[in-house]
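The first chain written gets the first letter, and so on, giving A, B and C; residue counts start at 1 in each chain.
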């Protein structure tokens, strides 16, 4: 049984007329994981996402070496629309990924293109709209939906083909914290319900702390850390310039662990952190 | 009584020939029928504005012909013809969804799917671009570009907005094309849609259209 | 100085967006304008810039009522930087972009050159004067937007979500530049933001809007004290504020916080 959802082997890539962006990527995204990709701007996170969907290098062209496998099958020589049936991609400019005029048509679009029967299309459309919290909105025009609703519509249209893997590139950059939390809560619900593998590129890991299982940290086109969240966080903390990418709770945890030589629990919520900190520490200047 | 987009397209094309085939009184009657139909389907501000704009445009055309020496009757007839043709297209857009028009163009007129889809894409993104252009105009204004003054100045300021908009359009179209590719857009897109079947109303309308189009042949018997 | 007096606003026949707001921002302040999406904070800032005008009430900039003015009239007093840098790029070189404002105001070539150089230097872009704006990184484009607004030497800058979508380092860089402008050149900064850490760290004053109403006008220290419940306004307390408040210490950063903690009795080394 294949435990790996996405595998990069010695993968390098440079866009046409551009420098190499990804250097010697060796990565394993565990099947069933909720993986975060973090790292400074320009580290190659978006390029990595596009490589997972097979868009790079085959749709954009450019120079590459190495291999990318999704669910055990190489992306080489595959049509991106076929790959999209197994690995769904949401880019940060979600507006431009919506191609139709009504919600129902948007969801039906890829289903119809892949030859699904009309009844199946109708049934799936109804189901995914319910899943993302937009029940009964098949006939809504796009401009009748708010920004957050449009994003959920895009999620619905990607989910309609029942992919096993979902990749999202900075999905909440345009949202306020409430909107961001709502979207991630929804994402987690879908992740659990459909047993998917989810990969999210996000600067602000605070939003995802309750959900994340694995983490990949990119820096200057290379993988700086990867693995289960706890291990990857520790690896990242060891590189001072990358510490800022960790959630504050974990910066505190790893700082205190280093400073006092103790071991703290793997906090996922403020409340957990506060409880343990109050148990073990007291405030006051170092005497 | 619902007629398909195909029948409507045929009717609109027929109207554009009728303006030249039929006598002027008949063309005037067609105009009245069109306006009545249009206002029956949609009487919102946008439609009124569109009719208003067409009227102004027609007036300008008539004026232009007069300036270039055409007699009044010829200019007025020319203006009337143009008005009837353009109003026919307005009726088409008001009565049918653009997606259905695109589908009919591909199914029955064999237009390549990419061109037909452009109709949907235009309608999809034009509102977004209008919002974006409003932001760019605001940005100009905030940097000190005054919008007060004559029409030419205002027009020039809209021109300056074109470049950032075009850049943005290019970037968006890149993502859009990628998205369509990911969703499997192609020849099968329109093939797999539920076909638009002609019904009794369609055949009736098509028959009437054909009849009227053959006017030159039977007019002499009136 | 910018002042709003009993201002009410709604878009075209829509729901009211600003309800009876009164506030005054003095010269040299660093204010964070906060609130959930749709709370009216962007609309309020647009009212300040005369991009829209109130239904009732008045807005004063430097003592003058701006009801008859348009943004171009205010450009030398108030600079406005929009959220999307791409939509604001009007020229082909960084220099020309920043010179746009001074050129509109028909300043002399010498004055234009001087003011542009000063603006570029203030935002760390002096080495990119000949660059094509679209080749700049996102962070640089954002700074370009600010430089372009600075070129007319306004006393106030209004910035809409200036740090959105940037990584921590880029955010810090931008905020350092803004802080410098505020401290050294006494430029009033009005920052519209969702980022509570930025607001807490850099702004002295916080104005919070909720559904068009002004619900808080005080110091950021008071707002983000770690204990106030901000949920009904669509805001949250920054984590470091919560942790600091729990231990009754003052610690804005992770490093500060960790330094001020001691292991309890019985804790091992």
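Everything below uses one rule, namely that a contact is a pair of C-beta atoms (placed from the backbone, for glycine too) under 8 Å apart; a residue touches a chain by one contact, two chains touch by 3 or more.
Given the structure is predicted, the values throughout are model-derived calculations rather than measurements.
Undergrad: Could you work out which chain's C-alpha centre is the most distant one from the centre of chain C?
TA: Between chain C and every other chain, the largest centroid distance is to B.
Undergrad: Going by the touch criterion at the top, tell me which pair is linked by more C-beta contacts: A-C or A-B.
TA: Looking at A-C and A-B side by side, A-C shows more C-beta contacts.
Undergrad: What's the distance between the Cα centroids of chain A and chain B, rounded to whole Å?
TA: That pair's centroid distance is 42 Å.
Undergrad: Using mean C-alpha positions as chain centres, tell me how far chain A is from chain C in Å, no decimals.
TA: Whole-Å distance between the two chain centres: 30.
Undergrad: Would you pull the chain A residues touching chain B in the complex into a rising list?
TA: Those in contact with chain B are residues 53, 55, 59, 80-81, 84, 89, 91, 93, 95-101, 105, 109-110, 112-115, 118, 142-143, 157.
Undergrad: Along chain B, where are the residues that touch chain C in the complex?
TA: Residues 132, 135-136, 138-148, 160, 163-164, 167-168, 171 of chain B touch chain C in their complex.
Undergrad: Sort out for me which residues of chain C touch chain B in the complex.
TA: 49, 51, 70-73, 75-76, 79-80, 82, 84, 86-90, 100-102, 104-105, 134, 148-149, 152
Undergrad: In their complex, what parts of chain A are in touch with chain C?
TA: Interface residues on the chain A side: 39-42, 92, 170, 173-179, 203, 206, 244-245, 247-249, 251-252, 255-256, 259-262, 270, 273-274, 277-287.
Undergrad: Looking at the complex, which residues from chain B come into contact with chain A?
TA: Checking each residue of chain B against chain A gives 97-99, 120-121, 123-124, 127-128, 172-173, 175-176, 178-186, 188-189, 192-194.
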